[in-house]
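In the two complexes that follow, chain A is the common piece, with chain B as its partner first and chain C second.
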Partner chain A sequence: MSGDAVQHPRARGGQAPDVFRKGGWVSMREYPCDEEVDFVIVGTGAGGATLACRLAEQGFKVVALDAGAWWRPLEEFASDEAHQQKLYWTDQRICDGDNPLKMGSNNSGKAVGGSTVHFAMVSLRFRPEWFKCRSLLGYGADWPIDWREMWRYYDEVEQALSIAGPITYPWGPPRKRYPYRSHELNAAALVLARGAEAMGTAWSATPLATVSAPHGKSPPCVYRGFCVAGCATNAKQSALVTWIPRALKAGAEIRDLAMAGRIETNDLGRAVGVEYFRDGAWRFQRARNVVVAGYAIETPRLLLLSANHRFPDGLANSSGLVGKNLMVQSNQAVWGVMDEEIRSYKGPPSLSISEHWNYQDKGKDFFGGYAYMSQGPLPVGWASTQNGRGLWGAKLSREMQKYNHQAGLKIVGETLPQERNRVTLADEKDQYGLPVARITYGFCDNDKKLIAHALHFMEQALEAAGGKEIWRQEDDTCHLNGTARMGDDPRTSVVNADCRSWDIPNLWICDGSVFPTIGGVNPSLTIQAIACRTADRIRALAQRGEL
Partner chain B sequence: MKQRMRSDTTTLLALGGIAIAATVLGARKPARAAWSAAPRQTRREAPTHIAAARRFNHSSSLLALSVLADSAVEHYRGSFKNPAMFIPLLSASLSFFAGLHGGRDRRAASHPVRHGIHAFAAMAGIAGTGFHIYNVTKRTGGWSWNNLFYAAPLGAPTALLLSGGLGAIGERLRDQPANEPRLLGMPAGRAMALAVSAGLLGTVGEVGLLHFRGAFQHPAMYAPVIIPPVAATLMVQTALAAPRPRPGTRWWLRLTAALGLLGVGFHARGIARCQGGWRNWSQNIPSGPPLPAPPSFTALALAGLAALRLRQTEK
Partner chain C sequence: MNSNAITTRYPGYDVLNKRDTPSWDPITRQVVEERLSMSRQPRFFDLAQWTAATALCTCVVVQPDDRLAVPVAAMLDARLFEDQGDGWRDARLPPLRQAWCIGLAALDAESQGEHGLVFAQLAAARQTALVEQMQCGKLRAAAWQGMPSDLFFSERVLHDLYGAYYAHPAAWSEIGFGGPANPRGYVRLNKNRRDPWEAIEATAENAATVKRKNTRVR
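Coming up: the complex of A and B.
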C-alpha cells in the first residue's frame, strides 16, 4: 500500500485521501487542465498549502501541485526511521562549496504537506528587530514588512495550528496567549532548564505545533517521539492535517505526484500556466497566476528551468538574485552523559528552548543570533551521529549503551546571506529529465564565530546541568532559506512584500525562499504567516482590480 | 505481561468505582424503599439531624470512592514510586465503607471506628497535599504553570480531606441534641453549608487549573467552573442569611449533582478522542481526562442538599 502512494496519484476522480480515517476519502473539486484557474501553486508545504487554503477560502479557483505522495499517516507512518525516509526529498542534487550540505531529513520534504510532515514542530516568531536588521542591527538586509503586521499573522497561524506554548514567553514583546498549553517537559528538556538556570539565563517550554488537548479530529499528542519521522497519530499540526483539509473543503484541488518542470510565459511577459509531470505524462495547467512554493532549492530551480527567449536568465531574475543568498541555519550541538536516565526520545524532540542569544546583543563578537533547544535523537540517527564522530565497532557499541543517559543542546543558528551561496542548474538530469540543482554552500567568518560562541556557551550550560563526557557535534545544518529574497527595490530583490515578482506581475513566490535574512529561529511559522499575509494582499489587490 | 495485568486491574478498579458510584446514587430511592419496609415509622420520626448526618456519610462515601478510583489510576501512572502513594487508596477504601456504614446507621451517636477512619482520611488528605506541594516545588521551575499542570495535582488530596471532613461532620452531628444541634460553635446547618461551600470552591480551583491545561478545548469544560461556584455562593447565603425555604438553591444543587455525573460522560468522550479511543483503554484511561473526578461535585452537592434541609429547620 505504501509503495502505491509513490506509484499512482491518489487525488483523482473527485476524491482525495482523508488523513483522519483509515482508508477514508474526502471529496475534492477537480479542474480540467484547459480551464484557466485563478492560481496554480507549485508545492504544498508551509507556504503553498497555507496559501492554497487561504486563497480557496477567499473564493479563488486553486490547483496546487506537489511532487510528493499523499500519505495516510494513520496507516503508513511506521516507527522505523529508515522506512520513514520516504518523506524526505532525496532526489539527486549536487552539493559543493566549502561546507557541502547534506540534503534530506532536516531540510527538505517530498510529500503533500511538504517538510511540515516531518518537521520538529518548533513554532517560533522572529525577533521584531530582525525585520529591520540592516537598519537596526547592522547586518543582512531589511525586510519590506513591519514586525507589527507580522505579529498579527503570527497570531493567526498560531490559532490555526493550535500551538501548544507557555503561558508567558520570556523573550520579545507581548503576544497573545498560545491557544493550547505547553506539553509536559521530558528529562532532556529539564537538562536544558537546569543548565540555563545555572547560567543565569531564561528558558522556556518550546511552543510546538502538536496539540496538548484534542483539536478537531487531532487527538492529543501521545509522546511517541517519532515526530521527525512523521506523526502517526495526527497530533502534529502539519500542513497535511491542517491547511490541506481546509483547502479541499474550500474547493481547492491538490494534485499529488505532480512534478512541475516549467512555468510558461506568453509574449506579454506574463505567466500562463505550469507544465508538470503526472501519471506518466507531461501535462499543462492553465492559470491566471502562478505561485512557486517549492522551498529554497526547488523554487529557484524551477525559475531557472523556465528560462526562455524572453527571460533567458530564468523567470523573475532581472536582479540576477534568483538562487543567490542561500542561507542555512547552523545546527551544531553539544552532547553529554547524565548520571540519571534521560530517555530523550520520549515526546517531541525539542520540548524546551533558550532564545537568550537571539535577544541579547551584548557579549557577542558576531552578527545574528541563535536559539538552542533540548534534543531527542532517535536510535538510528544517533548511531549515525556517532559514526560522524568516527566511532565504529566496539567503540560505537559502548557509546550506544549510554543512549538512555544521553542529553544534548543544539542550536538553530543564523547565518548571513552571501551571494556566493547559491542554487544553480547542473548538467546532470533527474528522473524527470530535468537538470538537477547544484547547491553551493560555505559558512562565512561571522557564521563560524556564532557557532563557536554557541558551542562554548552550551558546553558550559550542559556541564552545569550535570553533563559528563561532553563532546561537540560541529557538522550539522538545517533549514534553508533565501534564494528569491523579498525587498523594496527590484534591483536588489526578486519579489516585493506581497511575494509578487517584480518582473512578472502574475508570478508569485511564497515559501522560505523569500526571506532576506533567516534569524535564529525555525522558519515554518514565519513562512505560514507570510503566506497568510500574501493571501490577504492578493484579496486586496483583486478587489482593486490590480491582480 | 505483568504490567499489562496490573494496568487491567487498575482500570477495572476504576471502572468498577464508577459503576458503584452510579449504583450508590441511582439506588438511593429503591434503597430507601427497602429500608423503609420495616422501620418506616422510625425513619419518619428520625430526627432531622440524623437524616442530615446520614446524607453526609453518603456524600463522604461517594467522595472517597472518587478519590479511590482517581488516586488508583494516577498513582499507578506514577508507578507507586513512593510507598506513601498507597495511603490514599487504603484511606479512601476505608472511608468508602465507613461512609456506607454510616449511611445505614440511624443511631443518634457517633461510631468511634467510623470517626477514626474519617479523621485518618482528613489527615491523609493534609499529608497528601504536603507531598504534592513538595513534588511541585522540587521540580526545575518550581511554582511554574508547567509544574502545576503536570506535577502531582495540588488540589487532588484535598478531596480526601473533604471526604474525611464530611464523614467527621456526620459523626459529630449524631452526638448533638435533636433540638438545635451545633457544630464548630454555630448552628449545625450553617456549619455544614459553609463546609460544603469551601469544598466546592476548592474543587473548582482544581478543575479550573486542569481544564485550563486542556485549553477549555470543549465548551462544556466551562460548566464545572461556572455552575459549582454559584452553588458555593448559594451555600454561603444559606449559611449566613436567615433560614427559609430555598427552592432555587435546592434546584441549583441538584444541577451541580447532575453535572458531576454528566462530567463522567464528557470525560468518557474525551478518552474516546484520544489516539486509539476506548479500544486503547489501558493507556487512555490513565492519560485521558480522569473519569472518577467529576462525581466529586455530585458528592458535595448532595452534602449541600443535606445541609440545606437541616438549615431550614434552624432558627
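Coming up: the complex of A and C.
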C-alpha cells in the first residue's frame, strides 16, 4: 500500500486522492503539457501549496509539481518513527563547512504538502522590527515589506489554518485572539511555565496548527504525539489537508511524483516552462509564469541546474546571490530529569513557549533573538540526542531509563546571513541523473554568542523548575531559509517584494528562500503569509497588465 | 558484555499487548509486524562483514538478558540492503554502504594488527576498548581509507544501530514509552498522570505488584 504511493503517480485521470476519506477520490482538473498554463509551480509545501490555492481561486490556470508522493494520512501514516521517514527528503545531499548540517527529518520534506506534513505546527509571527532589522536593530538586511501589511496576511493564514492559541499573546503588538482555543498543556509544557515564572519572564501556550475542536473534516487533536512523523487523524493543518484540497476545488492540477529538473528560457530571456520527470519519462509543461517553491535547498539547486547559454550562472542570478546566505535556525537545548513523571510523548511536542528573548534586547551581547519551547521527543529521536553527547552501551541504556522523567527546553534561534553559507552543485548525481546539492554551513561568532546566551538562560530556568542532572545539547539545527533573498535592489537581492525575479520577469520564487533574515521563530506561518501576499500582488499586477 | 545491563523501571509492560486495542491502527500493525518478522540472515553483508557487524552490535548496544535480543545487526543489514539513506552525508564520509564496508573491514584490520584476531574473536573488554578508541578518532590504519573513525562511529555506528534498536517494540517497552497511539491517543497529560493504557513505573518496593499490573496494561 505504502510502496504504491512512491512508485506510481496517484493524481491522474481527472482525479486525486481525497485525504479525508479512506480510499476516496476527488475530481481534479487536468491540463495537457502543451497547453500554456498561467502558472506552473514547483513544490507544494508552505509556499507552493498556498500560492497554488490562492492563484487558482483567483481564476488562474495552475499546475503544481511535487517530487514527493500523495499520501493518504488516514490509511498510510503509521504510529512509527522509522516507517514515517518516508515523509522526509532522503535523497542524497552532501554537507560540509565548519558545522556540517544534518538534513532530512528536521528540515526537509518530500511529499505533496512538503515539510508541513511533518512539521511541529508551531505558528508564530515575526517580531515587527525584524522586517527592518538593518535599519532598526543594526544587523542583517531589511525586508522590502512593511510589518503592518504582513500582519494582515498573518491574520488570513491563522484563520485559514484555525490556529489554536491563547486569548492574549504576551509579546508584540496587540493582535486578535487566535481562532481556536489553545490546547491543554502537558507536563513538559508546565515545566517550561514554572521555569519562566521563576525567572520572572512571560510564557505562553504555543500557537499551533492542529485543531483543538473540529474544523471542516478535521477532528480535534487526540494528543497521540507523533506529529513530526505525520498526523494520522488530519487534526494537523498541513498544506496537504488545507491549501491543497482548496486548490483542487478551485481548478488547480497537482502532479505527484513529478521531479523538476530544469526551467527553460527562450531567446527573449523569459521562462517558458519546466522540464520534469514523472512516470518514467522526462516531460515538459509550458507556462506563462514559473514559480519555484522548493525550499532553501531545492530552489537554488533548480535555479543553478537551469543554467543555459544566456544565463550561464543559473537563472535569476545576476546578483550572484542564488544559493548564498543560507540561514539555519540554531536548535540547541538543555535537558534535565524531573522527580515527577513527565511522559512528554503525549501531545504536540512544543505546547508552551517563551519568546522573551525575541522581544527583549537588553542584556544581549549579540544581534538577533530566540524563542524556546517545551519538547516531546520520541524514542528514536531521543536516543539520537543521547548519542550526540557520546553515550552508548550501558551508559546510554541507563539514560534511556529516565525517558519518562526528562524534560527539555529547546531554542529556535536566529542566525545571521553570511554569503559563505551556501548551496552549490556537487559532481555526484541523484537517481534522476541531476547533480546533488552541496550544502556548506558554519556558525559565525554572533550565532555562537546567541547560543551561549540561550543555553545559560535555559539552564537556569530548567533548574528553577526542578530539573536535575541538567546537560546541554549543543549541536542541533532546524529550519532553513535564505538562498534567494528578496530586497529593493537587484544588485543585492534575487527577487523583489512580490517574490518576482529581477532578471526574468515571469519567474517567481515563493518559499523560505526569499527570507533576507530568519528571526527567532519557526518560518512556516511567514512563508504562507508571503505566499498569500504574492497571490494578491499577482492579481493586482495582472489587472494592470503588468504580469 | 551484558553484565552491567540495567533493569527496566517498567517490569511486565509489553507495548505489543496493545496491538488489538484502539491504540493501533491497521497500517501500524502491518509496519511493526514486518519489522518483527524480518529475516535474521544477512542479505547485504558477506560472512566476514556479518560476523564483525554482529559483534559490534552486541558490544555497542547493551540489551537486557531476560528477553530475546533485538536483532540490531539484521536491522542494519536490511537498511543497507535497501540502501536507505538519511538525506544527507557529511562530506568527509563515503556513501552509506561504502562507509559500512570500509568501517567493518578497518575494525577487523585494527584488531588483527593489535591482537592478531578479528574483532569478533576479541574478548568483550578488548572489543570495548577498541570501540572507545574509534569513538576518539584514534584508529587510523590504512584500512580506513582516510575515513575519520570518530565520524564513522558517531554518524554511522551510533546513528544506525540505535536508530534500529529504538525502532523495535522491545525497546519501547523497556523505557516505558506508550508506543503506537492511533486512533486512541492520550487523555491525561499532566505530571504523574497516566492513562490506563500506559506503563506503570515501579520502585524497588513495589516491583512485583507493578509487574502484575503492567501485564494487564493495554
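Everything that follows uses one rule, which is that the second predicted complex is superposed on the first by the 547 of 547 C-alpha atoms of A that agree within 3 Å, B and C clash if a C-alpha of one lies under 4 Å from a C-alpha of the other, contacts with A are read in each partner's own complex, and residues count from 1 in each chain.
As a convention for this text, a contact is a pair of C-beta atoms (placed from the backbone, for glycine too) under 8 Å apart; a residue touches a chain by one contact, two chains touch by 3 or more.
Predicted, not measured: the structure shown is a model, and the values here were computed from it.
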Quick one: chain B and chain C on chain A, clash or fit? fit
Report for A:167: first if it touches chain B alone, second if chain C alone, otherwise both or neither. first
Determine, under the contact definition given at the top, whether A:222 touches first (chain B), second (chain C), both, or neither. both
Using the superposition on chain A described above, determine whether A:83 touches chain B (first), chain C (second), both, or neither. second
If we overlay the two complexes on their shared chain A, which of chain B and chain C does A:179 touch? Say first, second, both or neither. first
Per the contact definition in the header, classify A:212: touching chain B only (first), chain C only (second), both, or neither. first
Check the residue A:541 against both partner chains and state whether it touches chain B (first), chain C (second), both, or neither. neither
Could you let me know whether more residues of chain A are touched by chain B or by chain C? C
Report for A:470: first if it touches chain B alone, second if chain C alone, otherwise both or neither. neither
Quick one: classify A:341 as touching chain B (first), chain C (second), both or neither. second
In degrees, rounded to a multiple of 10, the angle chain B-chain A-chain C between CA centres equals 90
In the superposed arrangement, which partner chain does A:233 touch: chain B (first), chain C (second), both, or neither? both
What does the superposition give for the shortest Cα distance from chain B to chain C, in Å? 6
After overlaying the two complexes on chain A, where does the chain B footprint on chain A coincide with the chain C footprint? 184-185, 190, 222, 233
The answer for chain A against chain B in the complex is residues 162, 166-167, 179-182, 184-185, 190, 193-194, 197, 205, 212-215, 219-220, 222, 233, 235
Taking the complex as given, what residues does chain B use to touch chain A? 139-141, 145-146, 149-150, 212-215, 217-218, 270, 273-275, 283, 287
Of all residues in chain C, which touch chain A in the complex? 4-6, 8-9, 23-28, 30-32, 35, 59-62, 84-92, 95, 128, 135, 154, 158-159, 162-167, 171-172, 174-194, 198, 201
How about chain A: which of its residues touch chain C in the complex? 1-2, 75-83, 85, 88-96, 100-105, 108, 184-187, 190, 221-226, 232-233, 338, 340-343, 345-347, 378-380, 382-384, 387-388, 390, 392-394, 396-398, 400-401, 403-404, 438-439
